[in-house]
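Both of the next two complexes hold chain A, though its partner changes from chain B to chain C.
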Partner chain A sequence: MTTVAPRQRRSRAAPAFVAGYVILLVAFGVVPTVYAIYFAFTDSGGAFAGLGNFADAAADFRFLPAIGHVALYLVCWLAGLVVFVVGLALLLHRLQVRGAGRTLRFLYYLPGALAGAASVMVWLFVLDPAVSPVGFLLRALGYQTFGQVIAPGNLPVLFAAIAFWTGAGGWIVVMYGALNTISPEVLEAARIDGAGAWQTARRIQIPLLRKWIVYMVILAFAGGTQLFVEPQLLSQASVGVAGRDYSPNQLSYDFAFQNDNVNTAAAISVELLVVGLVVAAVFVVRSGFFDAD
Partner chain B sequence: MRTETRRAIPNPLAAVVLVAFAVFFVLPVVWLVLAATKTDDQLVRDSPLSFGSWDALRANWDALTGYQSGAILLWLRNSAVYSFVALAITLCVAVPAGYALAVTEFRGRRTLLIATLVVMLMPNATLVVPLFLEINAVHLIGSMWSVILPYAFYPFGVYLAYIYFGAALPRELLDAAKLDGCSEFAAFRHIGLPLAAPVVALVGFFSFVANWTNYFLPYVLLPSSDQVPVQVGLGTLLDNVPQFNPTAGALAVQRPEVALATLVAIVPVLLVFLFSQRFLVAGLLAGATKD
Partner chain C sequence: MIRSNLVARRRRTATLLAVAALTLAATACGAATSSGGDTKGRFTQAPQSDGPLTVWVDSTRLAAAQLYQKQNPTVKMDIVSYDGDANGSNYLQTKVSLFNRTGNGWPDVVFSSQNNEATWAVTAKFAAPLNKGLVPQSLLDGWAPNANQPCTVDGTVYCLRNDLSQTVLWYNAALMTQWGYQVPSTWEEYEALGKKVATEHPGYLVGAAGDTFTPEIYLWASKCGANHITGPKAVTVNATSPACTRMAALLDSLIAAKSMSTSSVFSSDFDKNEADKILMMPGPSWYGGSLFQGTFKTPKGQIAVAPMPHWADDKNPSVGNVGGGTWLLSAHSAHLKAATAFLTWVTTSDDYQGKVAVGYPAYAAAAKTWLAAQAASGYYANDITAPLQAAAGQVWPDWGYGQFSQEAIWAATVTPGLTAGKTIVSMLPAWQKAISDYARSDGYQVTQ
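For the complex of A and B:
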């Protein structure tokens, strides 16, 4: 892609062009961040509290489990995402039948339209053996009731499956597009040299996909730490049996709204914010993906 | 691995894998559509992939719209208002900002660009609880602007506009305009804006989908149930399904009604998807192509 055109000399009008955006950036990006930091380091009376709120959060019996849940979920989600997205993109790319590839890409992408609460609603049904379209599968695995399916040990895999179902299609499209940028001559040369599908993928295609894979993992990781809607709706659907205070975001929410303790809520938010910020900043600076000239 | 196939012969195993995943992605959607045409009894007894009846579909629709005298329609209206108003603000703000970042030089430009990239890569759920604290402090909780304005802040849109103008705007054209005594505003109006259609469509698509599918922000910021968008409304319905919540009581909602509600909730996004596949691919790629 072409680089950004050389710019004009100092512009007088530019501040007017960016003013609206800067106001929104400050009001809904900077101020909430500063405000959360303020709350995180003060007590309910507004006095400086040092790391007291962070200690309170960490000492809460739900805190470490929530971190553990999300860690486990991230392992399942990222591993599944990388293996299946790359694998499917490679298979699609080798598919000779043109129309079929297009159709398949669209079908993979379709559940993206159900992002958010809708995907969880669908999966509540899919995971209920009484009504599920794959009830036979669930029963074959030994699950007779919805309650058995959503046993705590299964949740990381189930949340990963939901996230994969809604999110993978978009990444498959991206990877497929990236594979198309590899010149056919390179692949042809590899073929003449006797490289099979596996060798070509491992030595040529996957190395060239690497930066995309990194991009995907970074975004998926950052998004995954923010888990909220899936466990929240699941806990509603199971009357609090499964999924309650499952993720740090839910915990932060409960501190703010159930326990009326905004300071501890803010401390957890700040921790999540730091994770998101650090991941994004490192990626912007180090990846070379976004050369802010 | 040393065993190599000589040529790319169609591999039956590959075909099976591709089709299996297609089933994985599509089956739940198909089931959802069919579930809306059944009675709760049919949902449990009939084959999961059978069609119920038009009568059942109509009955489900009547029951769904009867829930709290048309709550679902109100939620849909809320979703539409929030999504479109925010989208309009996003466009008015992001297009000029992306233009200025791409073709002009000004103090703080680089900082603004980096801030945009960083915020763009942060998941939007990160700031929800802090936003609540801020909006609570200015007593805007419960106002529709408490969700519209945060939605309107859409750094990815600015980034898309920046990339687009950087690549698509012929520099000679701007220089010529300047020589002719054209002001920067006039140059933007007569040269930048007419070229902006593709990026408006792209930003519009992503912003709309993001706004429509957001759950966490309105869940936290809108306390009153007649203000919530349809995504949050789905959660309310869920609370009243006896199979999921045995204490549901008098407001009981049947499962096929929930399926229908889910379907109705996604129709706008689905339509946008069907009609803008091109944008979608282009935009997903633009999210990271700049080398």
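For the complex of A and C:
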């Protein structure tokens, strides 16, 4: 009796805990995804349209530029993310001994605690030399007006910086947590063998972090291909000068609400889903993500 | 704000959820109602009921709704302020297409700062036909000639024009006198004075070309056929004709001379660095109240109005137009009587249009009161009545309102190049291509 009761409680509690997530996932994830796939392969009258909507999207004059924009953005964003997140997490891990780690950990996480759109709004002020707290920096770089700052060539870097600022803090804390799982004995052994900070990072810590980095890249890639808030807000703040139909997600939005074409909008959404899944699959397979250690 | 929440959520979730949110937002439940079809000005009234009258206004028109509420305390009103659909934000169309899917939520009366709402609101069956029993023809006849043209589809009026935004030449009379300059009456004189100012008083401006509505001030007035709407879904785009290139060249030469700003008059850097250095400024009728008096806080007794310059060889002077705004009445309204009463009041009453509105009323009788009130305010250095009245009848009719946003297209294709130092003339072909592309994506037949 006494041995069965806890197990029974546990088996009843587990589905209850998971149910909250599963219900929301089905309601706001699975069902709409299926609905989107239905839309993507039908026309406005509901008849099967084959790949017609995908062809319409690909033939649109905004499609290829949007893909190009996001590809460039992803290069900046993913490279910046991996280098800085791993670098800062390693730094944080070393500083832990000196007691500054806790404050820094909090600081890194802070921007991420702001709601997504709100933290992008902050940047609208930061990027305007007339009102920016770092206006002197912008002017030193040769930018006198908001218009010059948001020149088309600057956008991938700006969006990557905004995304890093809003999203990287959480990852730094996660990486830091992962670093803490590395056995002190291993690090101690490396130190005795004469490895410095750099060699320890390169030969011990980063290889052991690999799965975490892959996990981060998969999610950051999926999030990055769906770039929307940053260009959309910048577009509205600059009254359409920058960021209008910049990303495929914005194009999808325009198809749905400007061109009144939900089916093509859904086709673009499905493409983004497929790209995200394929890239995730490649990373998972190549990195041995699910291999047992 | 609902949209930014939605958007924020979407950005922060993983792939599945993101795709989901979009489609959920786009589709929700309920049947789509955009099956097309020809209404020919008739619509089925929704069952009428009591309940609050929902009115959507932008921040400037908030005063109108509040004044109506004050004068009519018995009318239950739910006043919602939104961005007024300004600058191609497309907010109204987005919301209406969602409401069409969910089958409820439409505002009863809505103000839009855009003149092109009829291009989608009619096919979306949102805009109620007004001249088929709701608003008497005798009242509609009181609008300035052609004012409701952007609202008219096949002879049926689907919205009412709030204000005319005919362009004039605003100038600082005090500075003109002090420096001994003559107000230019032709574009040639205007350009010459612009160059003179650049050398004699560097830093002072004769205009600004950095706004999204720059083409509507200058190129429209120059009769540039970049945006000639020839049918409900047909447009002729020719942005490289001499009418376009000579005005673009004028702007380029003054930009090079630095007496033409490339910043938006609403940008923080213009307000900070250039707002007190305006000698002249071609712009719409609402510049006086909204820009000089409201935003720049230019002291009274300085700003004056002259007719918009014209080309010396042009026998029929024409002016441009920047927005003007429209009021739409929802075909789904359950309070048609109250909605029509508000719509009529807000577009025609002296109490609002004549005495409170910042823009030149499109309803002619209210415009008279408005002009008298402007003269009586003592803000302007000269009598603004004659130039504004004349300009109201000179808006070149061959620049139309398509479903695509001219302002957004200019902003995305020309403004970045302008900021980077390219000439407008060199960007006209790209502008023409962009207009054609966007028009086609909205289903327009494009001729060039």
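What we mean here is this: the second predicted complex is superposed on the first by the 243 of 293 C-alpha atoms of A that agree within 3 Å, B and C clash if a C-alpha of one lies under 4 Å from a C-alpha of the other, contacts with A are read in each partner's own complex, and residues count from 1 in each chain.
Quick note on the criterion: a residue touches a chain if its C-beta (ideal position, glycine included) is under 8 Å from a C-beta of that chain, and two chains touch if they have at least 3 such contacts.
Treat the numbers as computed from the prediction; the structure is a model and nothing was measured.
Peer 1: If you stack the two complexes on chain A, which partner ends up touching A:N154: first (chain B), second (chain C), both, or neither?
Peer 2: neither
Peer 1: Answer with first, second, both or neither: which of chain B and chain C does A:N259 touch in the superposed model?
Peer 2: Only chain C is touched by A:N259; chain B is not.
Peer 1: Report for A:L219: first if it touches chain B alone, second if chain C alone, otherwise both or neither.
Peer 2: both
Peer 1: Contact-wise, after the overlay, does A:L273 reach chain B, chain C, both or neither (first, second, both, neither)?
Peer 2: In the superposed model, A:L273 contacts both chain B and chain C.
Peer 1: Given the superposition on chain A, which partner contacts more residues in chain A: chain B or chain C?
Peer 2: After superposing on chain A, more of chain A is contacted by B.
Peer 1: After lining up the shared chain so the two structures overlap, which partner does A:V173 touch, if you call chain B first and chain C second: first, second, both or neither?
Peer 2: Touch status of A:V173: first partner only.
Peer 1: A:V134 in the overlay: touching chain B, chain C, both, or neither? Say first, second, both or neither.
Peer 2: The first partner, chain B, only.
Peer 1: Which partner does A:L107 contact after superposing on A: first (chain B), second (chain C), both, neither?
Peer 2: After superposing on A, A:L107 lies in contact with chain B but is clear of chain C.
Peer 1: For A:F17, is the partner it touches chain B (first), chain C (second), both, or none of the two (neither)?
Peer 2: first
Peer 1: Go through chain A and flag every residue that touches chain B in one model and chain C in the other.
Peer 2: 25, 28-29, 31-33, 35-36, 39, 115-118, 128, 130-131, 146, 219, 222-223, 226, 228-229, 232-233, 236, 238-239, 249, 252-253, 256-257, 262, 265-266, 269, 272-273, 276-277, 280
Peer 1: Any idea which chain B residues touch chain A in the complex?
Peer 2: Interface residues on chain B, with respect to chain A: 1, 3-8, 10-11, 14, 17-18, 21-22, 24-32, 35, 43-44, 48-49, 92-94, 96-97, 99-107, 109-110, 112-123, 125-134, 137, 149-150, 152-153, 155, 158, 162-163, 166-167, 169, 171, 174, 178, 183-185, 188, 209, 213-216, 219-220, 231-232, 234-235, 238-239, 241, 243-247, 255, 258-259, 262, 265-266, 269-270, 273, 277, 280-281, 284-285, 287-291.
Peer 1: What does chain C use to touch chain A in their complex?
Peer 2: Within the complex, chain C touches chain A at residues 4-5, 7-12, 14-24, 26-27, 32, 34, 86-90, 93-94, 97, 120, 124, 210-212, 262-264, 266-269, 271-273, 405, 407-408, 411-412, 415-416, 419-420, 437, 440-443.
Peer 1: Considering only the defined contacts, which chain A positions touch chain B in the complex?
Peer 2: Residues 1-18, 20-22, 24-25, 27-29, 31-33, 35-36, 39, 84, 87-88, 91-92, 94-96, 104, 106-118, 121-126, 128, 130-135, 146, 165, 169-170, 173-174, 177-178, 191, 194-199, 212, 215, 218-219, 222-223, 225-226, 228-229, 232-233, 236-239, 249, 252-253, 256-257, 262, 265-266, 268-269, 272-273, 276-277, 279-281, 283-284, 288-293 of chain A touch chain B in their complex.
Peer 1: Across the complex, what residues on chain A touch chain C?
Peer 2: Listed in rising order, the residues of chain A that touch chain C are 25, 28-33, 35-36, 39, 44, 60-62, 115-118, 128-131, 144-148, 151-152, 219, 222-223, 226-229, 232-233, 236, 238-242, 244, 249, 252-253, 256-260, 262, 265-266, 269-270, 272-273, 276-277, 280.
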